[in-house]
């Protein structure tokens, strides 16, 4: 899912945030994204900071639904992997098997569920595998070594290293915990390790990539979209990140 | 103090209620009062209804004091007995002896203290007697016979029969309890018995006088004064009462 | 010394008595007799004790105030009347009198209230026993204790605003007595403190004695100082009753603006002779305190007597000290007490470490009530 | 059946679990271990029991509601959590968790609150133990429970208004969890009900068990029906714990506008799998209740389990029934309970005499809190 070798860039967009939201997906691809994370908005995004909360609220207020977002995606052609990001309740409400098949049907090959820790992941993990979707697990700075090993063993696609103890959202600096965690995760898995949460600038992306295999960038881009940036505008932003990562 | 034989009329005025308040005293005399009750206003007239409360408040607000009221009285010549009506605290604050001597010095020969029942009256009674002032006790409809006898024995001047269970204030009709009480009091004392509280009209005064030796009229007159009646106006009222009593 | 017996002729030394209109004398006498009898009647005492336990939440705890005591260098125990049903010690007296009223065949309770705590307690007892309740409350107090007005009305009581005089507790008391005179056969006047004519000062002290009795059995040793706030003086009287025969110093704390003991003179108001704030002629002064329940120019006659004897001492604290005390207690112990009760706390805060309350003293303080009713007053103060 | 043991893997049948961000998993595990250990540690239990007794006013009484019961033709006992310090059962759980937080070396308490009762209780425990407190509260709830906001601030807590979503308890909970993630090393998340990730549903039920244990020892015989209101479900869980092994029917009463059991479907929110109000896609619905403490789309997982087993039954009542119930109880018994608690009363009023609650039934009802906080809401309703 993530190219081994180079430094991967995974930008995020909240599905349904604007009528033409898939243009952001295409812009990301054009700017050099290695994969694209699609947020399926949830009413109670407990791990998200203000920016993603607002993006989710706006999408829901516009009437966004999982089915609608997946249908939108079916209408475009994207050459890089798509990864869904959503909360556990949407997965369980449909049923993990149905939910994952639906993702696969729309060409989505990865799934991130931030409130589904490894201990609770078995059912979704199996359903995802059956549907050909990689259930990507998250590791946190406080995760102890034995859990880290388990996360490394059970994750698929890559391991999402949460850069800091906190919610999503832009930060002035990249927390030192990010590289420490990435190094620890890399020691227990052969999967690529991407750093996410608070990666806000090209410089931060470059720093993160020193210890990890790439970055996920979400709030920094969504802040721009909320402020009215066009697909063209964010293409420039993603291109700058791409350039920084090499 | 009260003429034996005929039916006595004792109208009331709150001392200091107007600058020329003593004109009401003179008007009462002119209209045929047998004695005149002078209220020495107290801040907390617990047994008084709205009218006397307002009259007391107005007098106090005008700066009325016991000394001032007594000085005012010294400046007029009245041919009928004057009776002070006030609450216990004013008596005790000065000390019963000093207080009663002061009354006597202003020509007052009677004293009514509604919150001084017979059981608590000994000190004031003695001081009043020493000063030549009659301490007039009150009897109530609920007073049992033995107490009534004691009140009859200890009262001086007359016995004040409280017409009803309630505060001072005008009433549409004279309570039947008035004549029952007057009759009971007359059975235990040779003193005159006057009915007060709520005697509002000449007709009520006449009814009261059937069983008693006279009446005290307060709120009905004070309501008129509060509403702006002149000494001349109330002279007419008192004359009507006088006529009704015969 | 004990505070047990019925005072002869209703007198506590020079104080007390029954200075009421003749119309009320028989009712007072009947009440005194009924209380005397009921208080000697195990059935009545058992019923009251039962209600206090299963309904009102007695015994109330004695809480060691470890953090505040530690800061002040004293041992401090709080008697928690704030946890009693309706939020203050007032319920103790009210349940007793309401049972008595029912025993006397009365169907209506009349009460005066300042802070509204006594009114709420009275309305509560009326609801519990199926009696009606008419509560007189100064219009100024209605403004500052709105919460309690709502509570009384929810409980089915009629709240009558009193607009005469200072529009506070003193005037509400006048009006309640007027209402009583007019309805003696059906009404019981449920006086809220240890003032009024005999038997009230004695009876209310007896109904509040439970505070002191419990506290005495709860303290690990006899305290050096026993302190309570004083409005009419009922929570203090009830507390003192448990310790008057010990070596404990008894301290009553008045509002600086309602300090009958400190700034008053002997006088007669609301049916008894006691210490009263008044002018040279005997007109009753208007008190002024941030605590509606202490905003009263008089005090119960037994306090005047204890003060004259030197057995109890009386102190005053200012509104500003009271507000500071309520906040300090809240932050140190997690207890928001009533503005009234905070007077006792304020004195302890001021005195601790001084000759009046040396370091190491063991102090029992009665927290007479909780502060919910005062939040609006305090938050408005904070806005200024 | 008993509700004693730690649920294996944090599961109550199909419900429960620990659906939290990986960042919180170690903290939850640490907490579960610490609670397991503390709960088996006599020193800890003794300290908690001591605080509950001398500080919080336990045991709370069991009041026979003679007048209301008589009117309804049933025997009705009220378990009086309204008399506990701070005015509701919330203090039981809060003291337990705050002691645990101190044991874990945490210096800050984070809590969500709806009615403000849990926030006040948390602020209280923080003051008592010298910890700091940050309380998240929906801005809509801040408007309707102002009194409690003042109280929290007086106790030294920081109250953070939450303006996202429905601006009520659900959103305050999201925000509290976000704050926790950001400060795990110093903060304890002091969840106020039996929801959330393992160990909260188990731990909070154990801390609230005292309600049921006391009530069991206070009732003259095992009741036919045990009833309590259900928001998250902590007062009900604590009550049920005392009777689950008896023949008593267990009834939880939800707000019609927040009826997770009656109108919800299985789902995952705030860390556990339970019954949740949600749409077909899984978006959480906004609850709507006059009682801020029940204005919540979820319920604790053990209730979902008890409901699935048929061991407990869940009913709903409307806002209008609740307002009528609060007034009826006030006038019949002199007790003004919280809007939350009045849900249980409203069900009894409706059911008494029907097949659901036949005449002659013996009913134990937990009055979870007092109504002072609700006077403004009720009086505004009355003005309309």
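To keep things simple, chains are lettered A, B, C and D as they appear, and every chain counts its residues starting from 1.
To be clear about the criterion, a contact is a pair of C-beta atoms (placed from the backbone, for glycine too) under 8 Å apart; a residue touches a chain by one contact, two chains touch by 3 or more.
In UniProt terms, the chains line up like this: A, B = Tryptophan synthase alpha chain; C, D = Tryptophan synthase beta chain.
All values derive from a computational prediction rather than experimental measurement.
Following the contact convention of this document, D is the list of chains adjacent to both chain A and chain C. Counting steps between touching chains, the shortest path from chain B to chain D takes 2. Chain centres computed from CA atoms place B at the largest separation from chain A. Centroid to centroid, with C-alpha atoms defining each point, chain B and chain C lie 36 Å apart.
Centre to centre, using the average C-alpha position, chain A and chain B are separated by 95 Å. Under the contact definition stated at the top, not a single residue of chain A touches 2 or more other chains. Multi-chain contact residues of chain C (touching two or more other chains) are absent.
Taken together, the touching pairs link the chains end to end in a line with two free ends. By the definition of touch given earlier, these chain pairs are in contact: A-D, B-C, C-D. By the touch rule above, chain C contacts chain D in their complex via residues 53-57, 60-64, 67, 80, 83-85, 87, 123-128, 130, 147, 150-151, 154-156, 326-327, 330-336, 371-373, 375-376, 378-379. Looking at the complex, you find that chain B touches chain C at residues 42-47, 49, 53, 57, 60, 65-66, 87-94, 114-120, 137-144, 147, 151, 162, 165-167. Contact residues on chain C toward chain B in their complex (touch as defined above): 9, 17-23, 25-27, 164-165, 170-171, 174, 177-178, 181-184, 265-271, 273, 276, 278, 280-284.
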